[in-house]
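Both complexes shown next keep subunit A, but they swap its partner, so subunit B is in the first and subunit C is in the second.
Let's look at the complex of A and B:
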């Protein structure tokens, strides 16, 4: 099938390198697999020695993650038999479910802030990238470098004045405040990536549209935007992943209403020490969407990483 | 387009005139498009930076309501002569050096192997990349579980292969091991990044160079050192730059893993800065610290980029 070539690796080379890479991949997956397993263990199984690979799976960790529980007297427990499967799990410890935990809210905050800031970064970033790509802007190179260099600041250094500013403006611990902040952090990368994608679209398309009587705006959203769609999509994924994973600003600037999941998950504490299965369940729910995303969209994502880095 | 009087009029008007009438000038559009981005960056990046510079010359404390008092360059003098901060800098340097060392070594090797184009290499690449997509704080949190002395998987596996008792060593609790525990997790997480950049470098080398070398009867080893390494070097140096900047700012992963401890053995500069600013509330002092860190990263990065450009020119 393939013609002989000196650059084509031999079958043996392929076999050896394939094996080594697969071994590395399996080792690197081990911690993740372990956390996912731990989410389905009982607290006793989670801290057993030697570590258990085979165990009775239970949803206890997930139930504990989503609920708060209180201990009750025997009389109360006898008078109120459990009605649902999750109440039955809790009953084994002589407890009843007191209400939902804050995990659901924190997760929802992550979703709102993640998507909100991604949307804003993409809208603003696409407009700016188009302008940088197509128009002569005075000092364009300096502006672009300035936009990019804002990423070099340590988040804690920026957090001090932002903390003071948000306190003055009443933006601390609000969704809007976090959305604006994440947009400001993301937009540098967004402009940079998007400019690259828009540069690749031939100018002739728009010029033809302009001659056909389109205005600049029409040419922008009827001709350029559809062409840049894949680039915009992969940039959006990067912005979303950043906002989803961010911790430093979240832990310093939010405490309640707008707190996202990353600062919350480590604080999940059970009765008598850390409730590792519940922590593991929280980590699994939080990390799984990103992992699925990565696998489904690997082509765009991997291209975006190298492209974004190499272009700088 | 639908047939309305407006569109008919538009098609009758010469395009150049039409653009002037109906649309804004390109210059105006350019500013409308760039404006919001610049405004946001000024408001949330540049204005705070200027504010930090101002605060760094005061003894302001954000948890007290008292007027600003100017102290000149006293904050800067105290930081630069403080021996504890030099310890934090050393911890950061140790972390930076070894994470970059291992990530380059493993990352390049992996890229080299993947570039042998074995069957299914893109699937395995994706699997290897997964750790770098995850939230560092959550990763730090669950590695803490893996590092538990008696029950942790890491200790068990190390014990299994070395015969040591898994409860005889504490990765996070001992002064000797804690700095390595953070290096291990960061390497696990970020080696894929270096790998991807190296892979892009390897794939950018055109086949005909190797073919020419083969015609000249250059050995495989020689081809590796005279073609592969020099051609990948600029990419590798870029990867090092990004990892360097990122790890100099390192906060989330390490704060969750060790919290800077035991003692202050893993207290990287960012963690120390957070303590000064948000636990001791020495806002003025912390601002000066932040500026020193920023100048350091910026300075080192600029010198490095100059070196990088020299390598590229060769």
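Let's look at the complex of A and C:
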């Protein structure tokens, strides 16, 4: 007989759990991997059957994503030899690049609106959570319930009132309008999550700072905020993911200046046939910011998820 | 260095009264103990002096200046928290520098001052360590350092030894007292541990149920308790209470207990009805000559002394005697009491009756 320790898993447990994790990872990552690969395929490879796993990679999808192209006569093409590598790719289809596509703009809109609303949600959420956590507020429990109740129905259920309201206020298709909308949806989550984190921070830290000669705001800024960094980081990730991926409101309320990437990417399909590699390239680029943001904050996120499990 | 006067201070939290009109004076340089069971209002009183709570009514004077409604930053009072409350995201040096930085002190002076204080407390070698990994004692020293670094007018300490283990507590309490004697700063110290209060304090305020029960030196409080609560709370084992009924005239110097006359300090007030005969365990003698009898229920051996529990006609009683004294469980023995040390109480009010022994103490308390 071998001896077992409670903390050390047996060989078999390791194998079983390891296999399960790998299977789960494959199932969830396969579609992503497929999209990323498709971004580097030619349109013919992208729709070939059976699907090609090994193929000649090309940047065609990315070029198509960032450009608009027009078909030209043979004389024109002969008179203007291609000057750049991306021009050459387009020439294979007897086309020339007419100009940049709108993807860059739309992507920038997503960045402005996503990070803007996340920032606003976190600022307002932290202040509100601090107030709920530290001060005696009349009807605090009812207010907190009210804040939570704004999330009890899917936000899209109020799409029509918001659409009409925004039209009246001139907020339709504006960055400000979308930032306010996503902030309104995220703020309840932010208040509740952050209140939990701030409740865990002993009041003595602030009291010590007050005694040490700081004002209430300085104590909040210099002592509470660094302590709440973990909670703020994980809350920020949740807020950003929502604002970044939001599709329904974006379709409804934006069409031009403030259109975000999610409603824009599908429109690529309509430009010059079913251009799956360009769509896949757009989706890949679209995934990057949230991925980078999450990787940057992952230390905080991991601590955030297990926060409060261990008392000091 | 400062005198602190608490005058009719009252604190309410909604419908709950945490502190009822309390008044006492903390003299300059005193090591002053606020003692009482949990929930008695001692910590609230301390926090009001520091400015972490504002009193509902009443005045607090620091060096003659009324400060009760000022924010803590304008009071120049330092506070040591029970859980230390060191800033966890800063290292030891930063923790110690923090109160000085807020005053806008030049960086070089801050460094010098922190080094000086770290030298006093013997924590120079850990100045650059994060506070997370420190032992309880070192955290305690850093917390003290953060309090003394800016030479405040007074120190508030909220059970600063509460988070330490018993062995280390003893050592730290000596260190604290030595530090106080060296600096001579007015210190207000909250504790629920009567032993700690007696050991360390120059003066003690005993609080219970939001009320100041008694205020005086450790000896005054131990020898001449003003109320039954104080008599019971101070001392281990606590004072024995033997119930009897009778009436006393001013000038009486004996009471009738179980058919026997017992000497008491000359009484100064009239009393009748249900009374209580209060005697400390060390003032009970076991002698065969005693006509007042009790049956031995149990004995506890404590080394040099022993505690003998007896059953008497007026209730259970504990005696502290020399451990050489022979007492067998089940035996009936004679008891005498040291008359001049007895305190009589009115049972209904719990107040001590004035006598030759305690009249001076009760007059100012």
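Keep this in mind: the second predicted complex is superposed on the first by the 278 of 312 C-alpha atoms of A that agree within 3 Å, B and C clash if a C-alpha of one lies under 4 Å from a C-alpha of the other, contacts with A are read in each partner's own complex, and residues count from 1 in each chain.
Here, a residue touches a chain if its C-beta (ideal position, glycine included) is under 8 Å from a C-beta of that chain, and two chains touch if they have at least 3 such contacts.
Please read these numbers as outputs of a predicted model, since none were measured by experiment.
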Is A:202 touching the first partner subunit B, the second partner subunit C, both, or neither of them? second
Quick one: is A:152 in contact with subunit B, with subunit C, with both, or with neither? Answer first, second, both or neither. first
Once chain A of both complexes is superposed, is A:285 in touch with subunit B (first), subunit C (second), both, or neither? neither
Let me test your reading of the model: by the given contact rule, A:59 touches which partner, first (subunit B), second (subunit C), both or neither? neither
Who does A:294 touch here: subunit B (first), subunit C (second), both, or neither? first
Looking at subunit A, does subunit C or subunit B touch more of its residues? B
Would you sort A:211 into first (subunit B), second (subunit C), both or neither based on which partner it touches? both
Could you tell me if A:223 is touching subunit B, subunit C, both of them or neither one (first, second, both, neither)? second
Interface residues of subunit A shared by subunit B and subunit C, listed 210-213, 215
Note: in the complex, subunit A contacts subunit B through residues 5-7, 9, 13-15, 17-18, 20-22, 24-25, 28-32, 34-35, 38, 46-51, 124-125, 127-128, 130-132, 135-137, 143, 146-147, 149-165, 180-181, 183-184, 187-188, 191, 210-213, 215-217, 241, 244-248, 251-252, 261-263, 265-266, 276, 279-280, 283, 286-287, 290-291, 293-295, 298, 301-302, 305-306, 309-310, 312
Help me check something: in the complex, which residues belonging to subunit B touch subunit A? 7, 10-11, 13, 15, 18-19, 22-24, 26-27, 29-34, 36-38, 40-41, 43-49, 51-52, 55, 62, 106, 110, 112-114, 116-122, 124-131, 133-138, 141-143, 145-146, 148, 150-153, 156, 166-167, 188, 193, 196-197, 199-200, 207, 210-211, 214, 235, 238-239, 242, 245, 248-249, 251-252, 256, 269-270, 273-274, 277-278, 283, 286-287, 290-291, 293-294, 297-298, 301
For the complex, give me every residue of subunit A touching subunit C. 202, 204-205, 207-215, 218, 223, 226-227
Given the complex with subunit A, which residues does subunit C contribute to the contact? 50-52, 71-73, 77-79, 81, 83, 85-89, 98-99, 102-103, 146, 150
